[in-house]
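Chain lettering (A, B, C and D) follows the sequence in which the chains are written, and residue indices restart at 1 in each chain.
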Amino acid sequence: MTPHIGDSYAERNARERARTLLDPGTFRELLDPFARMRSPYLAAQGVVSQSDDGVVVARGTLGGVRACVAATDGRFLGGAIGEIGGAKIAASLELARRDAERGTPTRVVLAFDSGGIRLQEANLGLLAIAEICDAVAALRTHQPVVAVIAGRVGVYGGMSIVTALCNEVIVTEGARVGLNGPDVVETEAGADEFDASNRPLVWKVTGGRRRFAQGHATALVADDMPDIRAAVEDAFVRNRPFVAIERPEFPDPGLEREAFLRAYGITP
Amino acid sequence: MSAWDTRRIRKNQRLARAASYVRSGVFESGDAVAVLESVLEPGDRVCVEGNNQKQADLLSRALASVDPERVHDLHLLISVLGRPEHIELFERGIASQVDFSFSGPQSLRLAQQVADGRVRIGAIHTYLELFARYFVDLTPDIALVAADEADASGNLYTGANTEETPTIVEATAFRNGVVIAQVNRIVDRVTRVDVPGDWVDLVVVADRPYEIEPLFTRDPEQIDDVQILMAMMVVRGIYERHRVRTLNHGIGFDTAAIELILPTYGERLGLRGEICTNWVLNPHPTLIPAIESGWVQSVHSFGGELGMERYVAARPDVFFTGRDGSLRSNRALSQNAGMYATDLFIGSTLQMDPDANSSTATLGRIAGFGGAPNLGNDPRGRRHPSQAWLEMTSSTHEIRRGRKIVVQLVETFRESGVPTFVEHLDAVALGRMAGFPIAPVMIYGDDVTHVVTEEGIAYLYKARDVDERRAALAAIAGVTPVGLLADSTRTQELRRDGVVAFPEDLGVVRGEAKRSLLAARSIRDLVTWSGGLYEPPKRFRSW
Amino acid sequence: MSEEVSRGRAWFERFAAGGARADGLPASVLAADAPLDGLPVRWIAVVPAPQARFPRARSGEMGIDEAFGVAAAVRGVPPNSAIVALVDVPGQAFGIREEAIGLQRALAASVDAYVQARRSGHPVAALIVGKAISGAFLAHGMQAGWIGALDDPGVDVHVMSEPAVARVTRMQRGDLARIASEVPATARDIASFARLGAIDALFEVADPQAPTDEEYAALARALGAALRDGSGLRPPGERLNRPAAIQPRALARRVRDELAAGWDA
Amino acid sequence: MIETLTFTYPASAHVARRAHVGVVASGNCELLLEPSPEPSASVTVRTSVGGYATTWEAVLARFFARHSIAVRLEIDDFGATPAVVAMRLEQALEQAR
């Protein structure tokens, strides 16, 4: 018997994710690969650049409404954000805000799969993230900003902060959302703190299911394109206002590590 | 008058020396070093159960900790030199000679020990060959094995990983050697008797469950388009063409790709029930979709695979299982089955020379072979015919024999700059440096019937002479040094004669070689296919 | 010069001397209301707190308590008051407790608080007096409309701590220095950061812990002006249009121009 | 460091449209292929794995011997094997036709 194997979002590259999130036949990429907006900073560091700098911005419609998807390519440098890719995302948000102010709203979906800021462009990435954070918050006053976190990288670093600023965050079970990647925590604090090779623990702590249970994600869906598309449409129809982020309840951080995790419902 | 029972007398002396540590046949794990020091004598042949899956690691750790003043110059017999303490045996002077099959993870350190003169390699064997010698000229004095459970009578239960335990124990026990088993627990009644208790002398409960590696799990996420293209060529150009029903697969991503396109590509070609019905291989998770789609009639396994226990137990029509429901594996019998009863072996290699000799040996490493040479040869003792076997010969003589299909599946380059096809195997230089009388060749070229690369298939069995064989191989060797020698006119002739086929000659459309052709594209998909029965090990989980 | 007291605390005590301390904050977050040349200002700094509840956030890192603390301090800004972030943050906290709770949410809370304050009319300035690393800087300082910094070798702006960069890239200091000279965005010194058009003013101080009266006066004057002239209200995206940013951010500007041009086909 | 290689092959056939395939990820490469008005195929390769100019030359020469297409081709490579490069070339051609 053949089971239902989802039409996987994670399996697609950034361009195909954007294409399938938009209404069929409406995908139109801006600054596409032939624009050759490559990072000029990578060659000096022995890294080959990519013609779209790892970010795809596409216009089209979503549920028949003007829309824009900004998708990062987790395969190129882990989807990390540099100057050009960062500017693509920031500009999309700024243009959508202009549209909203003009009364011709453009829906924005942030399809992130990103390790955070690109180390090779360090402070330019930092500046870009600050701009993106502000642009999300500004656009949010007009309309929901929707993030889809369903790729193989997840979102970390600055990009996880941006995600937390969105009205709606759609995740799959395979998604990961965290500030510091487990490998980074392990490097900084040791494997006793966070054993990054313990994959079930990584997902118990940062996985989509956990983030949904914590209320950090607003929808948990199967890795199946129809489900993800439906969740995105829902998010716009629902049009929920942003809920200011408050300090959550959590166990006493003074508890020994394992006791803390157990008290928080995580079996290490 | 000469004595005829010296081995038995010595065995009794050995056990008597250890008696103070033993109660009802059982000793404590903390006494393992002392027991080994009591039982062992310098120069003993010691067989340590250690293969690429299950490891008697409590006992091997204890062996590496014995006093070299008391125990030295052991002759180590072991399938796979896989653990660091195996090498410590040489470093500490406990063992000075070794006969083995494979040394994957320790191949670099082993080469160093040989160079330093601390150990002498008797020979590098295939599994079956090594097991065979246990019954002829390398019978162990002591065997150190691993099992899941023991009962008060010493009966052993080995769960899904019976592997080579019965073989080692049989060779040792019936020639008055001492058999020591580490078990994960002692129970009133073993789940199933895999080794009878009167073959076992001493039992110890290990400080932690025996070490085991999920070696046959391939994450479909890592299969790329090139491997899928090659898989399509194999299905059309070999399995379909020769109607291959009985077969063995290696553990590479490329063979995993074949397993995963059977329910899609194979199904579309109408080949279900026509090919790939009876298998000799471990419970590969990537075979689940083919099994669930009704492709597979039977699977016999060398060993188990972590995470596949519940799935296997739920598919007793397909797998060999005990009354308890769990898999019964047996490396020696499965190797034998793979050698004599399958029509096809397909595997991969690191290097291949212009005559299709292949080796996984690289300079500075003594890696060995494992089971591939048993499966990847033409067993000339075979007498039962099959369509596939007979198609390998063009003879019409009244006396004729068929031939095993031996396929090597390789990309022309391993990494961007490292060619698979080379003028001379590293194994030749390695063998010379290590003083071996023969170069460690994994599969001899004259056993190879087909070579598949991303460029096409060389039907070597069809070649009329050595020159044509070389030309056929060069034709599919891409831009490697061997491939650049190919003459395009000659290649056209070989294609016309069917000695070489490119994808288009086989009706394989390159553009179809996409991951969407895989019946499962992630470990998660495999779990879904299994109806939740497959429980992948931690390291393969993304949820 | 003493490094016993963190730079953040030293400058906080100088600027906010005698100011009313905001309460309900963890020991690692300092906030006080003290006027600057007659202008009401809420001063905020993050400082090391050896007794902090979270074991991985005791050396000045931005952890859960710090980030939510900063968010609370910003949200509690009195009407008509400006905000100044005194920045000396060595980075975010690296710990499993933080990841389990969701440190990204905590940092987002303080980012959001700063954005809301600025967008609702509170001028926001930041003064980098020490380290300004990664997520910690994003959450405390980068949303300011005006950013000043001490021109001092101890000022360090980057996305990763220096030892972490060495570990991750496996590069020697010499190689990192060569790359920093070719790609200023990867450099850590404040002059390089300023070269990206990211800094509005640099201040020379002989002792980065204790400015002279003259140095302090110059700094206070510039800060006061920025908070009064609207600079503190500019969103980060507008930084691109400042003269100092035209050349170094030319690519980001071009991306915006081209996206705008193609936005409506 | 990055090595840049350029190659030119005589070519006559035209392709209908431009094509973009692949990604700059480990063991992979990105290709940008555009129709060219010149009677040649001109190729630029930028690779992070230096020292294999002859291998690139051989892979590209074989491809353009089979498909004499007048194009401008850019390849950005992160250690793709010749097999992967050949497959990307075929995919690009398929898109461009």
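Throughout what follows, contacts are C-beta pairs under 8 Å (C-beta built on N, C-alpha and C of every residue); 3 or more make two chains touch, one makes a residue touch a chain.
A quick note: this is a predicted structure, and the numbers were derived from the prediction, not measured.
Engineer: By the contact definition above, name the pair with the higher C-beta contact count: A-D or A-C.
Structural biologist: A-C
Engineer: Find the chain most remote from subunit C, comparing centres computed as mean CA coordinates.
Structural biologist: B
Engineer: Indicate the whole-number Å distance between the mean C-alpha point of subunit A and the mean C-alpha point of subunit D.
Structural biologist: 32
Engineer: Suppose each chain is reduced to the average of its Cα coordinates; what separation in Å results between subunit A and subunit C?
Structural biologist: Result: the chain centres lie 24 Å from each other.
Engineer: Roughly how many whole angstrom separate the Cα centroids of subunit A and subunit B?
Structural biologist: Using C-alpha averages as centres, the distance is 43 Å.
Engineer: Centroid of subunit B to centroid of subunit D, CA atoms only: how many Å?
Structural biologist: About 39 Å, centre to centre.
Engineer: Among all residues of subunit B, which ones touch two or more of the remaining chains?
Structural biologist: None at all.
Engineer: Two or more other chains touching the same residue: where does that happen in subunit C?
Structural biologist: Not one residue in subunit C touches at least two other chains.
Engineer: What kind of graph do the touching chains make: line, ring, star, complete, other?
Structural biologist: other
Engineer: Every pair of chains that touch: which are they?
Structural biologist: The list of touching pairs comes to A-B, A-C, A-D, B-D.
Engineer: Where on subunit D is subunit B touching in the complex?
Structural biologist: Per the stated touch rule, the residues are 27, 47, 49, 51-52, 55, 58-59, 62, 77, 79-84, 86-87, 90-91, 94.
Engineer: Touching subunit D in the complex: which residues of subunit B?
Structural biologist: Interface residues on the subunit B side: 224-226, 229, 411-417, 453-454, 478-479, 484, 510-511, 513.
Engineer: In their shared complex, at which residues does subunit B touch subunit A?
Structural biologist: 221, 263, 292-293, 515, 519-522, 524-525, 528-529, 531, 538-543
Engineer: Could you please specify the touching residues of subunit A with respect to subunit D in the complex?
Structural biologist: 13, 32-34, 36, 43, 46-51, 73, 75-76
Engineer: Along subunit C, where are the residues that touch subunit A in the complex?
Structural biologist: 53-56, 64, 68, 71, 92, 94-109, 111-112, 115-116, 119, 134-135, 137-139, 142-143, 157-160, 164-165, 167-169, 179, 182-183, 185-187, 192-193, 196, 198, 235-237, 239-240, 249, 251-256, 258-260, 262-263, 265
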